[in-house]
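So that we are looking at the same thing, I have put the structure below in structure tokens.
Chain nomenclature is as follows: A, B, C, D and E, assigned in order of appearance, with residue numbering initiated at 1 for each chain independently.
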Amino acid sequence: MAHVIRIGPYHPLQEEPASFLLTVEGERVIDIDVQLGYIHKGLERLAEQRTYDMVPLLLERICGICSATHSINFCHAVEDILGLAVPPRARYIRTIVGELERIHSHLLWVGLAGHFIGYETVFMWAWKYREPVLDMYEQLTGHRQNSALPQVGGVRRDLPEQAFPEVRRTLDALDGQVEMLTGAVLDDPVLAARLSGVGVLTAEQALAYGVVGPTARASGLATDVRADEPYAAYPELDWKVITRSEGDVFAKAVVRLLELKESIGLVRQAMEKLPPGPINAGPLHVPRGEGIGRYEAPRGEDVHYVRSNGTNMPERVKVRAPSYVNIPSFRASCIGQTISDVTLTLAACDPCYSCTERMAVVRDAGGGSEITFSDLVRLGREKTLRIARELGRKPDLDLEIG
Amino acid sequence: MGHVIEHMFLFLVFPGLLFTAAVGFLLQWGDRRLAAMLQWRVGPPPAQPVWDVAKLLGKEVIVPEQAWRRGFLALPFVALSAAALAATLIWSAALQIDVAPVGDLIVVLYVLAIPALAVMLGAACSGNPLGAVGASREMKLILAYELPFVIAIVVAVFQRRTLGEEVVSASTLSLSGLVEFQKEVGAIIARPSGLLAFIVALLCCHAKLGLVPFDMAEAECEIGEGAHIEFSGALLGLLRLTRALLTAALPVLLVTVFWGGMEQSAGGGAVFLLKVLLIVVIHVLIRSTSPRVRIDQAMRFFWGPATLLALIALLLAGSGA
Amino acid sequence: MAISTLLLRALKKSPWVFHVGTSGCNNCDIEIADCMTPRFDVERFGVRLVGSPRHADVLLLSGPISRGCRRAVQEAYLQMPAPKVVLLVGTCACSMGIYRDAYSVAGPADQVILEVDRNARLVYVPGCPPKPETIIAGVVKLLEALA
Amino acid sequence: MNDATEIGKRLGRRFPEGIECAPHSPRRLYARVDPRLLLDVARWLLEQIPGLRLATSTGIDLRDGVDVLHHFAVNGSPLVITIKALAAKPGPRLPSLAALTPAADWIEREISELLGVAFDGHPDPRRLLKARTLGDQVLPLRRDFDPRTIKETTGEPPAR
Amino acid sequence: MEPLLLPVLIPGVTGLLALALPGRLRRLQQALGLLGTLGALVAAAALLDVRAAFFREWLRLGPLNLDFALRADGFSSWAVAFVGLMGFLVVLYSVGWFRAAERERGPYYPCLLLATAGAAGAVLADNLLLLVLFWELVSLTLFLLAATGRASGAPAAAKAFVIVGCGDMALLLAVVLCGVLHADAGLERPLAASTLAAHPIGTGDGLGMLVFLLFLAAAAAKAGAIPLHSWIPTLARETQPPVMAFLPGALDKVLGIYLMARVSLEWLSPSHALRFVTMLIGSVTILAAVFMAMQQHDLRRLLAFHAVSQVGYMLLGIGTGSLVGVMGGIFHMLNNAIYKACLFLCAGVVEREAGTMELDRLGGLHRNLPVTFGCMLVAALSISGVPPLNGFVSKWMVYQGCVVAGQPMFLIVALFGSVLTLASFVKVLHSVFWGARPRALAAVNERGLALRVPLLVLAALCVVFGVFATVPLDQAIGPAVGLEPPATGAGSVVLEGRLAAWAAAPAERAAPAASFAVFQPLSATALLALGVLVGLLLAYFGRMKVRTVRSVFIGGEPIDPEVNRFPGTEFYRTVGELPGLGRVLAQGEKGTFDLYQVLERLPLLRRLHTGWLTDYLFWCFLGLTVLLGVFFWT
């Protein structure tokens, strides 16, 4: 008789909804089924209704954690159609933005992983160290997560170089903190006992499921788009691909923690070597054709496919986020484990359902208004003000109402 | 008749329900505050545990249709009552309050198990499968820690000391008897066997309180608060009150059995308080520096190293060390 | 009367939050989690994230409501014990924002909740995503709204 | 073996008919294949190229059919091989790759529910992303899809 | 009529009468059954007034000293009354339990009556050979009752008969040896219990030790202690639940433990080593059986293993040799009879209404079978030793006994066994009454007063014997071990630790006054009730409102209770998967440690063990002849 334990859709394991149906014997999981569809809205269709200039802004909202990933990668795909070389300064800026994003994403994962195994201290520490990263991101791009920087052919705005000394100081502090955190996590015997041998994904399975990113690298596959198909400033900087062969949750943690160090180094080098020059290839016309963009997101290889029909809007935008291929590998890595381990394994590949399900927004059939990012901000502030008025209160200063 | 009134006072006011709850809330706040400080946070205000319970008591109670309604509603009350009884017995012994005793060590051990049992039965009868997983884990955890805990207690019970020519043995299941014994020959914890047993018992109490790393029965990230998942409003409030009582009662039990209870002298109260606080601090340190383990790991730990340690203590106690 | 005032005061001192990430982009969800962390530490106000709606006083919604999760969101709301309030975090939760005409979006979060409870109490915190400070400010306003 | 032109040549030699290669750049190869050959080509590629994995697939609604593009990436190399197969309308169908590589499982389910392509031999052809309240005939990525025609089967709202 | 004779005579005569009745007159048989057991109960209750032991002799067969003499004291009259009560409840329950479609097979009610008579006779017998005779009668009726179950029950009945029969043989040998020893000592009526009580046999020498061990074997086989336990689980699978309820209530436990108590208190004075052996057997029985019970998926087998496990406590208590321990053991025997009978009867209702005992196929029956559920809950908590129910009190006394005897290891085992018991009953409650109800069981409900009354009586007894434990302790069990009942209002001697230093303790130390552990069940219960009351007040002032919702919350999606469930049978899989322990348990399930199965593999025994009653009777007769020959020859 099959007993199915349902985890989700609204379950404290995940910030986002998804259902896992665990068929269990005692606490041992003998089969696992994933039910998605709670977030699916479908952005691919909407992208076909936006100009090439607007799509990156839209794609930033596929996922809040790797927002730059999707917008930069869309640019990669279009630049693939164009056969365009991006100006060096723009490549370096993309590198800085991307690596900062990787740092905050990895720290976020370490924290959440701690939270999932009830290790609140790790959660708090990791997220404490994540805050300065977001500060740096804000100092450099003007926003904590959504930078709105990438643009086909380069980046939209330059980085404020007067902020660099401050950022460097923060990076130096972060370096020590990350080292401490890495040491604390890797040397903890209880943690090692809890995580080793859990959720093992062998190299063969990893290849068959086509997993990417830290999930694949922890299983011994040295796949990293930054090295495989060098883009941005990576070929000119000094860093290395981290791999582990165990394939278990501990290995995934090790890979991410060691990558943190590499990423900090990358940001530092990119800021050091940031060349002068234009940040943008100028106005572009995209001809008919198709292009594939690849980008190493914090969670692994991100693939965008863009088909252009010569107009100023793409004909088809296909987004494949890393979680989309990482999540199905649960079937291989979870079966035979206990419920506790399965939840941990689920967390270990850092699933991101927003990315996985994307959104499918349809063209404005009634010719209604389109809302840009600044409109969103304006609308949001108006609403806050209205609510404040309704409550008969002065607007809160924290809301930065201009 | 006089005893009845006295017992009622002991049970309801001091050192039972009211007093222990107050101490428990304070200790819980201290626990949360200390944990927050370890995490570079400020943590909640001192009255937070009280507010939490007060709020919950005012909230609606939700009962799933398939649950065993009467039991589901009644069990938290039983849990509270049992915890209050255990607290009364433990504190009375620790403070050496001289009223006809109601029960002793064995009774305390059994009554202490009732709150966990009530939660377990409540989770099992709610009809929620995740609750059932939580109940099964809770039961397995009890199975796991009860063995070393019992051995550790037995080590205290069978302590022997040589006073001059005479061999004195505690050999009693009476709490006040143990206190008397320790007054006579010194704290049990002062000897190797007692110390070992105390360490084991401390770990078991950690599990009894459901603290990380042994909180798998309520693992929110795995089974959505597990055994507590269906309890809401006032029922949850009662369970939290129960938890507060246990927080204040278990360290006192440890101090009473292994560490001589409270000396009835000027500084005795302060020393006693320090002992209790030390135990709470150890609990906080353990829970802040470890991840939740799997239930089978917990069982292996308690039936393996912990039991072994306790048995060594027992051997030492047998040889008089 | 005194008792009900006391209970309300207790409610304001210890709002427990059940977080439901509806169909957003994750950004709000992360900022919400950020509120718990050392820099912002909402535990100072007695706020806790809980794992079951049974324990919660506040239902926190982030993102628009897709057709896929609508029923589950309503279910989570109905399973909460009274008194309860709904906190809508982020522009999408407040107004559906960018997804207004999407085929797979069922409606703004407030409408979806009002469908099952006409008297639901709602609090809006817009922003894309709102900064943690903003969310905390929203929670404070929520507590005031309870009075 | 990591050059698009080279692989295109080998593909042409192995499958003299029904395949049309268009190397886009040394890193990108696009090959249109006859749907009947799809499985063989995919199997041949997976066998011949070490480290090859199915990165993803794309479905595009065209006038006379649904174009399905399988993108293969190679670990440790910039090469992306895309094989295209057209599932002709009406009733577009294609053989499924899910038996060859589990990586195809989800993406085929997605294309199937959003574009209405039936994948023959898929081991688990259930719905993946599309809301369960939407009917099977709602195909949101088709060109002729009109969101105003959606009828949702919401059923009862949850009882109080 | 002689009052001593009545408890034996009434069930005996009604039993023979019922046996004579044709099977068609089932109603009449039932009436006779009720009458006979009730008569035994009343007759025994009349004996309760008689405080001092007295005996009466009716018949004497010259040279053999084979006299028909009965003897009653506080202990035995309580035991007989208890047998009568249990017999009555079981017969009442049987009337309701057996449906017209599925009748009792064979002479069911006559056997129950004769068994009651046999048990009463064995308890009251003064002459040890008479004891053996009645003891045999019980074994025989047990065999017949077992065979009245399912058609497939014959091998199980045979197994029971062989093991119990071996025990009986040991008893006979022991009795004969006792007689020889006393006759050598030149005592009059060497085979009388009263003689033995007056001149206990020392166990210092080999012969005395042998006698004790033989008695122990007899008691262990009857009561089902490891390693002679294996007939109980086997029998439980094949026999009807009322019979299984009758076993602890009126037959095996009562007789076995009664004998053991008599032997170690009066007849012999066991040495340290022998007491240790008894305690060892007791503690092994507790642990091994309860571990086996936890892993069972069949309610009957699970309960049967608990029936074995509880015997361990009784042996342990008696083995401590201290007064409090022995009293605890005896009290535990009574308590065990109450809750175990209740559990078996509840299980019987479940089987009758739901049609299965497979825990996997049961669930969610708390609303269909409210009375059964309530009674089973009480009995389950009682067997798990949850205060203030009766199981706790007697276990508490056994623990005290262990401390007095200075046996830390046995104390640990006993305490830990109690937790394991609790674990397996959490599993039972969850899998039978809670969790998801299979659709097939939707229409189940409980019918008939005859089924419910015995359950309610037994459950009430669980509470009464717990909360008012002082009454049976001071009035029955105290006198049984030679204590004067306390004056009214003086409080319990036992539970307040006023037994002089727990008496009969190995005199290693003079216990200080403070070391008396205390348990006042009445005060504890009152305080617990007060706590609940305070909680209710809190809830009242908090304006507790209760709302019922249609479903449990699991992430917000509706669930299918048939599939989305976590059945009780899955609860302790983790324990079975632990290294080492898991393997041992698997072997246990296969019967590797079952002495019967091990011996069965021996070729000679295989050939002799034919399954025919006549064959066995022949061997018995042969054995008896040889023994008698030896007896006369010496």
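The rule we apply is simple: a contact is a pair of C-beta atoms (placed from the backbone, for glycine too) under 8 Å apart; a residue touches a chain by one contact, two chains touch by 3 or more.
Worth saying up front: this structure is predicted, and the values here are computed from it rather than measured.
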Set of chains whose contacts include both chain B and chain A: C, E
Chain pair with the higher count of C-beta pairs in contact (C-D, B-E): B-E
Chain with minimal offset from the mean of all protein Cα atoms: B
Cα-centroid distance, chain B relative to chain D, in whole angstrom: 60
Chain A and chain C: spacing of chain centres that average the CA atoms, whole Å: 25
Between chain E and chain D, distance of the C-alpha-averaged centres to the nearest whole Å: 70
Sites on chain B at which at least two other chains make contact: 39-41, 57-58, 60-62, 129-130, 133, 136, 220-221, 224-225, 229-230, 233, 295-296
Residues of chain E whose C-beta touches two or more other chains: 542-543, 545, 547, 549-550, 553-559, 564-567, 570-572, 574, 577
Contacts with two or more other chains, residues of chain C listed in rising order: 3-4, 7, 37-38, 50-54, 66, 68-69, 71-73, 75-76, 78-79, 81-82, 101-104
Contacting residues of chain E [partner chain C, same complex]: 541-543, 545, 547, 549, 553, 555-558
Touch list for chain D against partner chain C, complex: 130-134, 138, 140, 145, 147, 150, 152, 154-155, 157-160
Touching residues (chain side chain A, partner chain C) in the complex: 9-12, 14-17, 37-42, 46, 58, 61-65, 67, 108, 111-112, 123-124, 127-128, 130-131, 144-146, 352-354, 359-362, 364-366, 368, 371, 373, 376-377, 379-381, 383-384, 387, 391, 393, 396, 398-399
Chain E to chain B touching residues, read off their complex: 364, 366-367, 373, 385-387, 392, 396, 399-400, 403-404, 406, 408, 411-412, 415-416, 419-420, 422-423, 426-427, 429-430, 433-437, 497, 508-509, 511-512, 514-520, 523-524, 526-532, 534-536, 538-539, 542-555, 559, 561, 564-568, 570-572, 574-575, 577-578, 581
Chain C - residues contacting chain B, complex: 3-4, 6-8, 10-11, 13-14, 37-38, 41, 43-44, 46, 50-52, 54-55, 57, 79, 81-83
